[in-house]
Amino acid sequence: MTTLLTTRQLVKRFGGLNAVAGVDFTLEKGEIHALIGPNGAGKTTFVSLLCGRLEATEGSIFFKGKEITEMPAWKRVRAGIAYTFQITSIYSNLTVFQNAAIAAQHANKPADDAEQRAKTALEKVGLAAYASHEAGSLAYGHQRVLEVAMGIALEPELLILDEPTQGLSDLEIEQFCGLIREINQQTTVLLIEHNMQVVMSLARQISVMDQGLLLAQGTPDEIQANAAVQSAYLGTIDEENVA
Amino acid sequence: MDSKNSQILSLGIHAAVVISFYALQYVLPEYHLLALTRIMLLAIFALGFNLLFGYTGLLSLGHAMFFAAGMYGAGLTVYHFGWSVPGAFLFGVVCGAILGFVIGMIALRTTGVAFMIVTLMFAKVSYLVIVYFTTYTRGDEGLVMPAEFRGFELLGMSISLTDSVTRYNLALLLLTLTMLIVFLLVRGRFGRALVAIRENESRTRMLGYNTFAIKLKVLTASAALSAMAGSAYALMFAYIGSSFATIQYSIDPLLYTLLGGAGTVLGPVFGTFSMFYLIDIASEYTSAYLLVTGIVLVLLILYFPKGVFGAIRQKYCRWLP
Amino acid sequence: MDFGPFLFLATLEGLVQAAVLCLTALGLSLVFGVMRVVNVAHGEFYMLGAVLAYWITSWISGNPAMGFAVALLLAPLFVGVVAYLSEKIILRRLGYDPEATIVATIGILYILQQTALLTFGPDARPVEPPLYFRVEFPWFGYSGYKLIVIAAAVILLLLAWFVITRTRLGLIMRATQFDRETAQNYGIAVDRVYAMVFAAGAAFAAIAAVLIVPIQQAHYLMGGDPLLLAFIVVIIGGLGSIRGTLLAALLIGLSDGIFSVFFSPTLAKMVSTTLVALVLVFKPEGLFGHRSRL
Amino acid sequence: MKQKKESSSTDVTGVSSSRRRTLKTIGTGIAAATAPVWFPRAYAASEPIKIGAQLHRTGIGASYGRWYERTATAAVNLINEQGGINGRPVELIVEDDGTDPKRGTEVLEKFATQHKVDVAYGTLFSHVVIGSSPRAGELKLPYVVCSEGHHVASGKLNRYVFQPGITDVRSQVISMAPWISQNLGKKVTMMFPDFAFGHDHRDYFSQAIAEQGGEVLELIAVPPTETSFTRYFPRIPRDTEVLYHVMVGPGVLTFVKEMGQHFGKKRPEIFGFIDSLEAVDLATPQLEFLEGTYFWEGNPRYAQADQSDFDKQYRAAVGVDGKGASLADPKDVSTYSHMFACWESLFIIKEAMELAGYRSVADKNAFIEAMESLQKFDEGLAHPQGNKIFNPKLHQSFGHQHISKVGADGSMEVVHKTSIEDGLYESDVDYTQMAL
């Protein structure tokens, strides 16, 4: 396996608060990597640093061996890092197809087949039938899926999904997991996820964050066995899930 | 309707508008020929404005500065250096484009209300610059293009801008050109990117678009079109003055666009036409004809924010560009 | 004239300017601070104040001070009512959407200005100062009334300061400014607060105009310059910050007064307008204010 | 703005009493002059001669515009009473130029292409005239202006533009410079509006006073839209003997008041152009300091002891009392010093049209040639301000100027009247050589 992305002592400070407090992180090509941790652990801030929505205060980020710490977000997208928003951020006044097409026509790919690739992305996520609907009129679950479709249409090397299953029904979650596995055939996936069943069924690697720091990293089994994680985090989640 | 047919149809509608403008010159009395010449040039201005406002979602309150840049770029070179009409015209357009680029580099760091106020401020500065350098511009009084510079040779034809029919057709040519440019810009990939920025800029950035660069391009294009209108206005009507750089001339394209429908190609043309005549008629009844401007603005924003063609598009034909 | 007296005169002129500007800009700042909308028609409320002052003083004969006192009371009240109505009829229906509001207030600007043209006419008309005397300095004379304007503005500002910081009314306003939803949850009628604030903002402009009209005369086009200057002040001072607004008004009024004595007033306006645009781009929180972006 | 009228209307008094007027800004002034006039039947049936009046109804020149309109309307009424022009009634079509050159040009277009007027006429502010004139030339529309500037006589306009009703600024200042240097002083500071009209003052008075052995110490240009003037006064040098002021725009009263505040009793001699206080009552509080200062007047605002019968009749026709204020409203002071130009110009148009046997627009060239054949105008009801000579090459008239001293009650008494010869100057301009 080759390394796709690494960070070195990555820090993000908001005023006096260290939201991300020096993280060394490695992502291998081809894996599905889940980022977990309690609310306010800095997960969203951390992936925002990776995709360029936020600028790092200190530290550095490498993607495919090149430093991208200073690179603006749109360039990172073109370099192959796609990000889907935690809060659905689609073009609600435009049609579903237009949403996908806007994502598909980014500059790295030939212009002519943008529409084709948009169609393909919609077919993959099962939204092809809604292509001419206004995106804002879709059901919530469909909007989440459209968000992912836009990520797919970018044909990235790394797809970052921020809590993609939030608000989805069990059936939708199941379909979603299948979709992620399919995407994973070409694309490395990094997802922030609270639903431990999803995490355990999808992830090959798990990183745990707490208070801006990386607590542990390993396979699902290793993480489940990790006493520190157990006490800090997993236990509570499991209880919640059981309840 | 499939996309190919709808494109042919919308091209057809736009062509019909151009053709009817062309045909009108044979029936219109002199006064309306003049009025329509003005309307066509102002419509170019509105189309330029709409490129930024309607398609990209950036509301500039300072577009008079671009109109004036074209006007003074063309007018001053004719007046002081005796440039011929085509050269001066192009120079005016270039002036507007450069100003648009420079203003864009600064103002596009802001969005929303801040962008409106920053552009308003820069337009005010431009007006003051014209008044301040009165030695060259003659400030309020303005300059009149000497008669000997009103004719030119182009491709073996000698063209005189003192002839009202010639002016009319030149204005129509420029309007057609502008509509074509806007049509092509907003239809394809670029247009889709503009709409994406209008609808959700941060999302668009996260889809790999350099939104700043795109906005800068659009602002430059918008300024160049506005300057083209100003440049043509100066050369055709042979007068340049600081009145054209006042806030009034920043509000007018907004008014035209809102009335006709932001984000449509025909909207600004229709809006300019209706508003021009509305004001012309109102001014026969009262000196306070700008009251109409105020009332129309308020009514539009309250009850009809999509404008005439915006509403038509929403209701009947979504494919209208 | 020698430099010393020259600077002294410039400072006096600057203070008059700053006094009026404080009041005008305070109104604009208040509206932005609480409602988060930019009122482009602010200058026309100012104009309306001056025009009303002319009407009121010309109806009331006798001692000019009488008419002026009535004008100082009634003109802002009437302007406040006009503003209140335009808020209720227009701005409220737009849901205070920032951009739509600007377009709407541009419309209101034209409506007010042109209505003044229709009714008041195109002439500039003088209002007699309530009391007039000339102050004789060794180098030049100066209008005593202008000094009164400075004093009156200071008193009015202190009054406004007291209302905003020390009264229940001010508290409600500040609460609404701080967080609209929470204020609503605490039973504050936000709609009514908005309408009152919009009216109060306009009334401030009218007060400034009544004070200035014995110096400058009422004219239907007089709203343009105060609007621009008030904008400048509010932006430099930090949007919505009252303390910043007052500091900035003093700074701008004095520097504009002084600058335009020594250089061309047009150049002064050019430079200050450019600087303000740059402040808005690069330091949107203003020079004195806290962070509260447009 | 215009008063739209059907040409078949029997009420061809120049300004109709159309219902639209209820909406107009300036209703009252015109109403005074709208008394219906009776015409012989045959006369009323003929097509009127249309004169397009381009006037400042709004903008910074509005007070002039109001009085110019009243004066023009009164003159048209009188002309119509006297049988019109060549037996045809005269119709005045008024359009507002907003005191804006841009709109001025559009107004001329409207005259030429929509109203199809015979002559365009009117306006005062020099920037409007300068902006509009080339368009008049292009439209081949005779354009008779009542401005004051030197722009017509300078030769930079064209053959279609005439200024026969009022002396130009250059001539005015040349004729008065000797009196100023002999009676008031030789060291002059000038305050003037920063546009064409003010620049004429600057250029020609500086030259004229230098020829008298005087000098201009300081030139203070003020933008015509300025509202506050105190800041300009410190630039007046202390050794100034005469302050020469001329101001226009809505801020004029403020200008003069602030001048008084600045100087108090320790003032230099002050010589102003009445432009600085046109349409303003000199008895306004805070203007007391003006007592003993001097003003140029084209036509004396206060009826003088030796008032001519013509001036009496002219005042009555326009509706102005002996103090230059409106008969209907004594607070409404006229632009008396300038507005005679409107009156006289209309009678000159009449004279030239009758000379040319003018019938229709087709006789335009004959009209222009007839204008260029005029040599002089005798004092009379048509020329109440006094006799003038007309220089056809320059398209410019030359008449008498008045210097008045302000008295205690704000009245003004003429202390010096220049001769026409005082104001003549050499020029090689010749519009008659230009093609029509």
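Here the chain labels run A, B, C and D in written order, and each chain numbers its own residues starting at 1.
We take it that contacts are C-beta pairs under 8 Å (C-beta built on N, C-alpha and C of every residue); 3 or more make two chains touch, one makes a residue touch a chain.
The structure presented is a predicted model; accordingly, all values stated were derived computationally and were not measured.
Common neighbours of chain B and chain D (chains touching each): C. The chain with its CA mean position farthest from that of chain B is A. Simply put, of A-B and B-C, more C-beta pairs touch at B-C. A straight line joining the Cα centres of chain A and chain B is 44 Å long.
Here the spacing of chain B and chain C, counted between their Cα centres, is 34 Å. Centre-to-centre, using mean CA coordinates, chain A is 51 Å away from chain C. Mean C-alpha positions place chain C and chain D at a centre distance of 38 Å. The set of chain D residues touching two or more other chains comprises 23, 25-26, 57-58, 223. Of all residues in chain B, those touching 2 or more other chains are 131, 286-289, listed in ascending order. For chain C, residues that reach two or more other chains under the stated contact definition are 117-118, 122, 266.
Interchain contacts give a graph that is no line, ring or star and is not complete, per the touch definition above.
Checking each pair of chains for touch leaves A-B, B-C, B-D, C-D. Residue ranges on chain B touching chain C, taken from their complex, read 59, 61, 106-107, 109-110, 112-114, 116-118, 121-122, 124-125, 128-129, 131-132, 247, 251, 254, 258, 286-291, 293-298, 301-302, 305.
Every residue of chain C that touches chain B in the complex is listed here, in rising order: 38, 90, 93-94, 98-100, 102-104, 106-115, 117-118, 122, 224, 228, 231, 235, 264, 266-267, 269-270, 273-274, 276-278, 280-282, 284, 293-294. Those residues of chain B lying in contact with chain A across their complex are 189, 192-193, 195-196, 199-200, 202-211. The residues of chain D lying in touch with chain C in their complex are 23, 25-26, 57-60, 62-63, 65-66, 223, 226-228, 230-231, 233-236, 238, 250-254, 257-258, 261-264, 279, 284-286.
Per the touch definition, chain A reaches chain B in the complex via residues 51, 53, 72-75, 77-78, 83, 85, 89-94, 98, 101-103, 105-108, 111, 114, 150, 154.
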